[in-house]
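The following blocks contain the structures, represented as structure tokens.
In what comes next, chain A is part of two complexes: it sits with chain B in the first one and with chain C in the second one.
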Partner chain A sequence: MPTATDAQARPRTHRAGTVPRTRRRVHSVDRPRRSAWVTLLAGVVMLYTLVPLAWLVISATKTQKDLLGSPGIWFSGHFALWDNIRQTLTYHDGIFGRWLLNTLLYVVLGAGGATCLAVLGGYGLAKFDFRGKRTVFALVVGAVAVPTTALAVPTFLMFSKMGLTNTPWAVIIPSLVSPFGLYLMWVFASEAVPTELLEAARVDGSGELRTFVRISLPLLAPGIVTVLLFTVVATWNNYFLPLIMIKDPNWYPLTLGLNAWNDQAATAGGQPVFNLVITGSLLTILPLVAAFLLLQRYWQSGLAAGSVKE
Partner chain B sequence: MTINSPAAAAGRGTPPRGRGRRGLAGWGFTGPFLAVFALVFLAPIGYSIYLSLFQDRLIGGNSFVGLDHYQQAFQDPKFWSGLARVALFLAVQVPIMLGIALLAALALDSGRLYGKGFFRVTVFLPYAVPAVVATLMWEFLYGSRFGLVGDINRAFGITLPDPLSPHLVLAGIANIVTWEFVGYNMLIFYSALRVVPHSLYEAAAIDGAGQWRVITAIKLPAIRGALVIATIFSIIGSFQLFNEPAILKIPAPNAITTYYTPNYYTYTLSFSGHQQNYAATVAIIMGVITMIIAYAFQLRGMRKEA
Partner chain C sequence: MRTKTVRHPLGGLALVCAAALALTACSSSSTAGSGSGPVSASSLDAALDKGGTITVWAWEPTLKQVVTDFEAKYPKVHVNLVNAGTGDKQYTALQNAIQAGNGAPDVAQVEYYALGQFALGKSLQDLSKYGASDLSKQYSPGPWNSVSINGGVYALPMDSGPMALFYNKKVFDQYQLKVPTTWDEYVDDAAKLHAANPNAYITNDAGDAGFTTTMIWQAGGRPYKVNGTKVSVDFTDAGSAKFAGTWQKLLSDHLVAPVTSWSDQWYKGLGDGTIATLAIGAWMPANLVSGVPSASGDWRVAPLPQWQQGQTASAENGGSSLAVMKSSAQQDLAYAFLKFANAGDGVQDRIKGGAFPATTADLDSQAFLDTAFPYFGGQQANKIFSDSAKNVATGWQYLPYQVYANSIFNDTVGKAYVSSTTLTSGLKAWQDASVKYGTDQGFSTGR
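Here is the complex of A and B:
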């Protein structure tokens, strides 16, 4: 699905062979010939990406028995997708639904909060000059390099003293800070919000908060969508943080729950539920894939702006 | 796009004036982030350093041991084997992954691709797949029972080497990580390529430069910043390797040790071994090593630019 900007930047090529040699110069800059070789190379990369996803979709249509008895990459005779989904949603009193709701809770509060903080902070750093700004920069850039696991153990111990472990807060609070989001928003705000516009608003007597909401926020929209998508992915896909913070399966997010189902086959006396692991995995990735596809125009323009400076 | 408008270009950067009341507004905007940042980044780091200097004993309670834990870590073969493993991973997997991502981004940007929109989205999709799900999927695909490996074995009557065996499991993990992040890095490179001014290409064409020359003389230098950033994130990611080995430990218990990567070692020490003080020490050492290498790479990468 080419976006509007693609169509503008790269008009369709002429029919191959009809372009006279003298016009080749124009042809090679903005209207290059389509190349079978380049497409073939790209096709190999695409195949590598798609085969596992195709396998997941196909496997989700099989019963546990057919999973073991039929070729992995093609459908079996019995189409069990709807039955698998029903089983996934009802297994263990519908715990999958509970995990889905937990994940949504962590994403709405964690990623939503992280985006708000990153947008406010990035805008503040980009558009105001204040004492200590350099220190803030050094701290945040340094923080990106700190391994999350180096933070996890002390955070776990701190939270455990505060009585926060095994509660949703233990997952939500650490998710609230996204140094990468702040950095992205900072670069984006420097580019997208003209300082002259802010000066004009100040001359007209508009307060900083009002200026931010009325003038800056609309200009920041593509950047906000980009930061939101990255924080949503980070929270939706998070495994390590809930793994150490949450012991009660009722507070598991989807990632932890799916792994628990998978482990079930390996434990003594456990019942293998591979078909549920596979169907559950498919259900877990669908919302994110949908979000990326629906919002791609917005987040990709935001990402392009974010890469200008670097 | 708004970013290319002259007004935005003129407004780039920070205003030189405006401390005082407006400086206060700056703190007002940045303050909430910093408050939470202090709670979830600075406080744990400080606490970690504190923990690394003490030892909690059953008899005698909490006592100050100075740098004993650091000394212990430097003589710990488990720590070193994990570090060597992630260093090998970094040296092999990261160049392969970034190389494929760069080729894909250049192919996209060349405009010579049929169906480029579809290509861009599909290659990026694995980024939306949680590491847990990606690892579970590949675990099944690697399996000789109902995975791809099993299918190929049956179809051709051969026995492929088992990707979950002790000497191949690191390559198996490298493949999973490559699969997950190739599209993400491609997009970072592609976004950077998109903003290279087209006048440069026209000038190059007038000078008679070929495709290869345009790539090496214009495109690669123009996206050096993006290459450096992507490499630094990959270095950090490699040193933090945890999810994939932790999940593969179930199907490959003999291939993956509890100290397979430094992060895994930290996790085992604190949650199975109850050695939180030593775990904090290992985590701090890994954090410092990561920062040094990322910083050294950044200096090198940026110096070439000048």
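Here is the complex of A and C:
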């Protein structure tokens, strides 16, 4: 990303035009030409991304009263973060903890399961030939285009007939299906796992399962992490599906729970707890931030796969 | 209770789903009704003695105490109180469960404006067979009118929202404003206040269907006429025109704060004096106490301004009822709970919790009238609310698909708040869209 030194770089390149021989700068892949416009744009995008986060962090340090009585983007006198966290964790008999565990359950089983299925399916589609492969391809690409929100109500009716609504399964089972993850794994596996390697393994007498576990899986690791990140984020943030499926607050994920707290402010006799909603939101994004920080190095190495011929 | 206020990006979508399901779905659900003959009090007692479990979907916070007391009185009955979402979210869930044919509760909280939708969709049990009609004298006319639909009684009123004007006395004193008794004076105050302090507004309004319909209600407008499946919508009557004309002045001169009700900004404005009045239901005090503690002592209550000097007309803003679902297999128990909560001991529980009653005995009781509100500087505000409850104008009806109609309010009337469209043409657009939807749903509609 361009840095603050850009401001100085600009007049220099300007002069470079008038006195080309003496001040010429050599641009290479390592030292790309700096563009003030791109820097500016990046700065705006950065602000756009970071300001809400800063607002969230700052607001989480305020009491309900200060939240409404002090300017939004700076701290108020009273630092209430620890108190807010304590209140968030204990409000309504500590149901926030329960919601956190629910979300973890949905993520571990839903996103974990979705990743497993995507890896198995994607690998199979990439490395084995069978009849109807093109049909499967069309189906998967088509499925990517269907927003899950559009399927929510029909899914609800189906699950209701099966007696699964208002149970954790109603959230977990639909989360298991990730057409995008499957597609990604498919493309990744065809690039990252050389067919020659599989042939060599087969010649050496390795069974398909053993080949998959010992040879393909390590090669697929960056792709798996990518799919895992996508599905984890999708499941962690899932709102509409649980909204339709789950009625019992004891099975709410964090998204629904925090929204229910937020709605209290709009209820006759209900108590506005904006400070807890905000602190809860901050606590909710922390695990996602941690997941990204921990997994990003696998992810980065994975994104470059296949781009350079070795 | 409150009027529809929660806005979520997906809320609209959920609503459309609900609306689409609304009328087609509801007809298929009635299965478990326990006969059609009258049910005596003794058979209710027998049901209570036998016991069982009922599920109640409600978001009203004081019901927790009601459930505790109900279970203490009838130990064999277990009440599973579930907050399945507030307002529209709960209605969507209810419609989905009705459509699916299972998963619906035994008892549901339904706001008055949404009651017609569920009653005419045949999702609710007519409570006449339990003798609910005999309870009519126990309730003030506004709420009772709301639960009486097509000759049946489809719910028992839980609370009511006779309107009053809440105003910030500190702000009024500071700028030497007169507490308005008519809406014309209100507009004058609005101009004076905003001229004196450009940050201050007489009130907020970002386009709220519930507020608009209740204002038209008070002005004598009766835009909705419902008779069985015959529905008419007409926002060109005199009452609607009175409202649109007066409110247009406030909008054109930018004299109302463009702040959405119930948002954090709204609470902030109520606290720091930049939103100086609220014309809203009598259930508001509890929300001021919990939501705007910093302004305690600043606020007072006055009767709702009138459209003509000397009148006393009022309207119902919000308010909700408890209804028995037709699909419930425990209708007797469900009704017994309803009676306890809304006509029996539960009423006191709820008043103690800060709810505003719908029962005349409580509205008229000396203890209730004499209650001094420390938040309002010791004012006996219930006297104003109680008068307002008696003066609720009669004859108001909501559409049998009001939940849907309210959901398209911002796409039609709402334009007047953000563009140069007038309220009158916005109301016309709302009317046309409502008529069209009604026709599509199989109602015979017209003007």
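Heads up, the rule we're going with is that the second predicted complex is superposed on the first by the 265 of 310 C-alpha atoms of A that agree within 3 Å, B and C clash if a C-alpha of one lies under 4 Å from a C-alpha of the other, contacts with A are read in each partner's own complex, and residues count from 1 in each chain.
One rule holds in what follows: contacts are C-beta pairs under 8 Å (C-beta built on N, C-alpha and C of every residue); 3 or more make two chains touch, one makes a residue touch a chain.
Everything quoted here is computed from the prediction, not taken from an experiment.
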item: Touching partner for A:263 - first (chain B), second (chain C), both, neither; value: both
item: Which of chain B and chain C A:135 touches, first, second, both or neither; value: neither
item: Which superposed partner A:281 touches (first chain B, second chain C, both, neither); value: first
item: Chain A: partner with more touched residues, chain B or chain C; value: B
item: Chain B versus chain C as contact partner of A:196, first or second or both or neither; value: first
item: Touched partner set for A:247, first chain B, second chain C, both or neither; value: second
item: Chain B versus chain C as contact partner of A:239, first or second or both or neither; value: both
item: Partner chain in contact with A:149 - chain B first, chain C second, else both or neither; value: both
item: Intersection of chain A interface sets (partners chain B, chain C); value: 67-69, 149, 153, 156-157, 239-240, 243-244, 259, 263, 266, 274
item: Partner chain A, residues of chain B touching it in the complex; value: 1-3, 7-8, 10-19, 22-30, 32-34, 36-37, 39-45, 47-48, 51, 100, 103-104, 107-108, 110-119, 121-134, 136-141, 145-148, 150-151, 154, 179, 182-183, 187-188, 191-192, 194-195, 198, 201-202, 205-206, 211, 225-226, 228-229, 232, 236, 239-240, 242-243, 246-247, 250-251, 263, 266-267, 270-271, 276, 279-280, 283-284, 286-287, 290-291, 294-295
item: In the complex with chain B, residue positions of chain A that touch it; value: 1-3, 5-6, 9-10, 13, 25, 28-35, 38-39, 41-42, 45-46, 48-53, 55-56, 59, 67-73, 116-118, 120-121, 123-131, 133, 136, 139-140, 142-158, 173-174, 176-177, 179, 182, 190-197, 199, 208, 212, 219, 222, 233, 236-237, 239-240, 243-244, 254-256, 258-259, 262-263, 266, 274, 277-278, 281, 284-285, 288-289, 291-293, 296, 300-301, 303-310
item: Sites on chain A touched by chain C in the complex; value: 65, 67-69, 149, 153, 156-157, 160-161, 163, 165-166, 239-240, 243-244, 247-249, 259-260, 263-272, 274
item: Of chain C, residues touching chain A in the complex; value: 1-2, 5-6, 8, 10, 13-14, 17, 21, 57, 59-62, 82-87, 89, 92-93, 96-97, 99-103, 159, 161, 261-262, 264, 267-268, 271-272, 281, 283-284, 286-287, 290-294, 318, 353-356
